[in-house]
Amino acid sequence: MSDWLGPEEWWALGLSLKVAFWATLLSLPFALLVSHALARWQFPGKQLLNALVHLPLFLPPVVTGYLLLITFGRRAPIGAWLEQTFGLVLAFRWTGAVLAAAIMGFPLMVRAIRMAIEAVDPNLEETAATLGASRFWVFATVTLPLVLPGLIAGAVLGFAKAMGEFGATITFVSNIPGQTQTLPSAIYGFLQVPDGETDALKLVAVSIAVAMAALIASELLARRAAKRVSGR
Amino acid sequence: MSDWLGPEEWWALGLSLKVAFWATLLSLPFALLVSHALARWQFPGKQLLNALVHLPLFLPPVVTGYLLLITFGRRAPIGAWLEQTFGLVLAFRWTGAVLAAAIMGFPLMVRAIRMAIEAVDPNLEETAATLGASRFWVFATVTLPLVLPGLIAGAVLGFAKAMGEFGATITFVSNIPGQTQTLPSAIYGFLQVPDGETDALKLVAVSIAVAMAALIASELLARRAAKRVSGR
Amino acid sequence: MSLSVDINHSFGDLAVQVNFQAPSGITALFGKSGSGKTSVINAVAGLLKPKAGRITSQSEVLFDSRAGINVPVHRRRLGYVFQDSRLFPHLSVLGNLNYGKRFAPKGSSGPSLEEVTELLGIAHLLNRRPGALSGGEKQRVAIGRALLSHPRMLLMDEPLAALDSARKDEILPFLERLRDSTGLPILYVSHSVAEVARLATTMVVLEHGKVAQAGTTEQVFSDPAMVRQLGLREAGSVLSADVTQHHSDGLTELSVTGGRLFLPQISLPPRAKTRVRILAQDVILSRDIPVGLSALNILSGTVTEIRAGGGPGVVVQLRCGSDFLLARITQRSANALRLAPGVACHAVIKSVSVARHDVGHT
Amino acid sequence: MSLSVDINHSFGDLAVQVNFQAPSGITALFGKSGSGKTSVINAVAGLLKPKAGRITSQSEVLFDSRAGINVPVHRRRLGYVFQDSRLFPHLSVLGNLNYGKRFAPKGSSGPSLEEVTELLGIAHLLNRRPGALSGGEKQRVAIGRALLSHPRMLLMDEPLAALDSARKDEILPFLERLRDSTGLPILYVSHSVAEVARLATTMVVLEHGKVAQAGTTEQVFSDPAMVRQLGLREAGSVLSADVTQHHSDGLTELSVTGGRLFLPQISLPPRAKTRVRILAQDVILSRDIPVGLSALNILSGTVTEIRAGGGPGVVVQLRCGSDFLLARITQRSANALRLAPGVACHAVIKSVSVARHDVGHT
Amino acid sequence: AEEVTLFAAASLKTALDELADVYPGDTLHIAYGGSSSMTRQILQGAPAQLFISANQTWMDLLERDGILAQDSRIDLLGNRLALIAAPNNTAQVTPTPAFDLATSLSDGVLAMALVKAVPAGIYGREALVTLGVWDSVEGNVAQADNVRAALRLVATGEAPLGIVYATDLGAAPDVQLLGLFPADSHTPIRYPMALIDPVSPDARAVYEFLTSDTAWAVFEKNGFIRPAVQP
């Protein structure tokens, strides 16, 4: 079994899992914040924020990658600043792949979570306030637990998207074996070699399997969470 | 204004709009059917259908395009059958671009519509039946109108995704100027030549504008439909 | 026989085992919460498939487990009015009312839109959306919608339970008119004794999924055994009465078989038939004809039964003419008055205690 | 003075303009649907910001439009019990009960979890989820949750309205115990006369957003002008009474200032103070002392006021001892008995008509 | 030894992978991609020590930016353009002046890389223009996003004919070579290679290896030719 894939491909699979994991984990809090803002707050520029969040869904990924490169590249203003100030390099590192994957999955997460937040009964939040909970505590003890099924759905969508992200990633962090070569980049590599289709399809099968596993796990988790939340 | 973009780019914009329009229109009924099945029916293989629908979201688009090519190409079994039976050619035609865009946007549509269907009160559907409506009529006169806001949201997501789809499209129908050159292919082309960035960014701006317009229109439409549906 | 129900079903603990006939007029399904009323009406509508049994309406089989017949909901043509109205939020009132029309079989007869909106007093609401209606208005539209689908029968599951008493008083007359003017059989679920006493021609009392009693409303209400079912404060008899005369001081005189009664004015012409409900707790008994009392209504009768309850009270059944009257008094008073079956005595009823909404047309 | 409310607000047509004081005990906000009860209680809770006015609780200013003070909801520490319980579905009963504890100020005092679960009879439910509770249980948990947040005051908006009468009877005693044992001031919204008569020490009657009447429950209930507000069938007086003796035939003897009353056994020890509610329609008047009647309770008094209503009835107010009694009789009877202010007469009350749930502790 | 990362045009993958296997050091990473995207990445500080581009313009850009190691730019390889046919295509045409390409296509498409953007496509278009047949086929050219994708269109039979690099044929045995384009029908195809500053000894070693005879044998086996001398 282990020689069904070459070592480089195993490595790419590992990297993709790692990237998808961190991309999901790190973007969740932001997705939660943005979803809450879009669902519940009134502020100027709300439509703009909504549009911005959706952008990566609508732009060709290569363009997103290009925009990331000219923003977070080591010679680009923000990229250089991050490197000087925090020593944080994103471009051409797996950390950059995390950023690219996070941004590409963000709109999917936000849509799922936002719908879940919109479904929470504001009366329950009000009730929590009458019991002494401040805004923060209302969110942490009432909104968040009730949103859990949507959060899980959103996280899994983000994770699966991150596993499959190719265009933005290769454009931003390139495709360096052992450093930034993710599963989709490896698939791309095989498609560059005549007769590489068989190997490519093997990797496609692997990524389908991972995405499916995540999807089914999420349906189960979300159903369980929904049951909990339904109060039965 | 009209010479801000060259004629080829205007043409590409027109094609993208046309492709996105048809992709959205033609996939809506299927998205509705699949969403209804996923939300309301119990049948074996439901998880599989769910997984299948989500696939294009998780696979690198090139892979989706490749799979389309070996399924719907003129030499591929289904493609050949379609051509012989209906004279319908997809490969290298704008119709193929429609198929690619539809498939890539499908999971987004289905997610939005499915959530909307799950939010419809089954009691209302039951009530319609007691008033004499058969399953079909219940769907057409009760479920469908109540799902409208979600349907609009889903359609716009699908439309905007179709406007931005590149990888699957170019892999499946390639880029034939005057036939299949969509806005994203034009952008990609500009990004491949030195000094093409300015032109590329112009086109990016155009596609952002279109996606934003669609998004904002959908928020407004959906809000109006939601108001109607809320019965006030 | 317009509806015949004989079903077996079970929900976990509760075995629903119900067999009854509903003739035309209003048949009330009465019983405590959880006794199976909604389950029965849902089975009739086709929303619940019983484990076994047979349901027929006007000799058409709707369900027969042995014969494998289960007519789908939309072909049963039974107008169902739910407790929570369930108007279609995306349609106007008019759209809701007309909803069932397109599905009614061609040539099926039933009231017209004009008749229904007139009957229910909703003609001025036609262009409103359901969200802009009050609870009572919603429920009237729901009734109209069911009527206009030209059903063979109406099913009503606590149609008034969610309404406050002002709204109830608004709708009850419509239901009476419906019963009297359309001749449509109605299966009516309620746990309001007052509603049932006023509306029902037939009563089916359910208890733990079984039929505890069934019969005409007058029979069921004059049975002392029903006191426990109805609740102490709600128990009472229902008497048939004829309007005799309207007096100038605002009182209406009625004759019952046991004598005459004075009630605050009721809007029925002389000689009209009606029903009055007299709560057992509103009746005071006296061996002698009482004099100098503010109570106007005194009926004479003979004790037929005395039934002790759990507490300090007893229920006394009197025959007054051909009707039966129930009185709830203390055991101490019963002893003091030496009441026993066969003893003649007088029932003192405060006229005002027979309130307007306890009076129904027959 | 534990709560003082003086607010101005407007909703479209309705101008809410309310000024009242709520001392300790239960203060009932009473009024028709749409009269502004919920709006007032929401303003006190901080869920509604009035256009102008001032609200203070135990001398702390909660809201003052002039001074620009508007204490946020979570700092007001007013336990709010909503009509629809609003339990947190993701927490167990215990989790719901403990929810407010972490936010209560350190050192704030209040009942313990044991006391509350004991008081409300919900100790056996602690591990259940809200979905597995009956309506009455849910509401008791909601009350417990509010209590355990150690509020300065309880706000209750029709806490029993959604429950059927069996459930209500289950909760009312808890509310009485709460009133009597915790000393917590309670602002209580209801449109059930029976509930208010039983629970409230003070009544504030709202009508179209204005205070129509305010005072102790006894005062408000014995005012003939209130008959219209309460509804004909619900009007009646509330008398203070002392338990004298329990008789072996299941009756309890009580003394009121105008005489003695017999009621079906009530569970209070001799010498306990209580209140009895006597519906105006349950009182029969007689000039002579009536004899040979099944009614056990006869109080003597003097007519103080006769007020004609719209219909054929009048409301007669009697002074019996230091209490006032209301009787609703027909104009015809009032004429026949030649009743007029100053006339002495006797009130006949059927013992059973003073039902158990119309009796409250003081 | 320090790791060396080589950025290379995707069309070199077959040959370079083979060379990487025989490279004595074990720390050579090769990232493949489009020349344009890799150039931009290098400009943004990508960790590449060597770059092999598929055309001159992108390398020119790097040179202008001054990030190439002094005098390290050489033309490593040359290539030829090939006209290919789908496995079961019976067409018999060779690319000569005014050859009958349009007829051979009949209603099919000619698969190429993007003719304005991707090097293989640019060269191909130039050759067809020189041979005087571009105008007759222009409307039937299916442009893929890279040359391997064009090859795939022919290999699957979707496009009856295609123009790819001669080196692309190596491992696609079913695809038929109809003929090579005359060398003078387009700008000579030259793959420039350069070291990127700062140069490490290991990077220099890779550079030397790729210009060695050992390497050349592999390149030649894969169909590459010596680069034409710059005019």
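The chains carry the letters A, B, C, D and E, assigned in the order they are written, with residues numbered from 1 in each.
The rule is short, and it goes like this: a contact is a pair of C-beta atoms (placed from the backbone, for glycine too) under 8 Å apart; a residue touches a chain by one contact, two chains touch by 3 or more.
Heads up on the chains, UniProt names are A, B = Molybdenum transport system permease; C, D = Molybdenum ABC transporter ATP-binding protein.
Nothing here was measured: the structure is a model prediction, and the numbers come from that model.
*Asks:* Return the chains common to the contact lists of subunit A and subunit D.
*Replies:* Chains that touch both subunit A and subunit D, as defined above, do not exist here.
*Asks:* If you average the Cα atoms per chain, which one ends up farthest from subunit C?
*Replies:* Farthest by centroid: E.
*Asks:* Could you put a whole-Å number on the gap between the CA centroids of subunit B and subunit E?
*Replies:* 35
*Asks:* Averaged over CA atoms, how far is the centre of subunit D from the centre of subunit E? Could you give it in whole Å?
*Replies:* 91
*Asks:* Need the CA-centroid distance for the pair subunit A / subunit B, whole Å please.
*Replies:* 22
*Asks:* Any idea how many Å lie between the Cα centroids of subunit B and subunit D?
*Replies:* Using C-alpha averages as centres, the distance is 61 Å.
*Asks:* For subunit B, which residues are shared contacts with two or more other chains?
*Replies:* 66, 188, 191, in rising order.
*Asks:* Send over the residues of subunit E in touch with two or more other chains.
*Replies:* 37, 149, 152
*Asks:* Could you list which residues of subunit C touch at least two other chains?
*Replies:* Within subunit C, no residue touches at least two other chains.
*Asks:* Could you list each pair of chains that touch, in label order?
*Replies:* Result of the pairwise touch check is A-B, A-D, A-E, B-C, B-E, C-D.
*Asks:* In the complex, go through subunit C and note every residue touching subunit B.
*Replies:* Of all residues in subunit C, those touching subunit B are 45, 47, 72-80, 82, 84, 86-90, 99-100, 103-104, 129-132, 145-146, 149.
*Asks:* Tell me, which parts of subunit B touch subunit E in their complex?
*Replies:* By the definition above, subunit B touches subunit E via 66, 69-70, 73-76, 91-92, 170-171, 173-180, 185, 188-194, 196.
*Asks:* Can you list the residues on subunit C that touch subunit D in the complex?
*Replies:* 33, 164-166, 191, 231-233, 249-251, 262, 264-265, 281-282, 284-288, 290-296, 311-313, 327-334, 336-337, 348, 350-353, 355
*Asks:* Under the touch definition given earlier, write down the residues of subunit E that touch subunit B in their complex.
*Replies:* Answer in residue numbers: 34, 36-37, 39, 57-58, 60-61, 109, 111, 114, 116-118, 139-145, 149-150, 152-153, 156-158.
*Asks:* So in the complex, the part of subunit B that touches subunit A is made up of which residues?
*Replies:* Residues of subunit B touching subunit A: 47, 50-51, 54-55, 57-63, 66, 108, 111-112, 115, 119, 157, 160-161, 163-167, 184, 187-188, 191, 200, 204, 207-208, 211-212, 215-216, 219.
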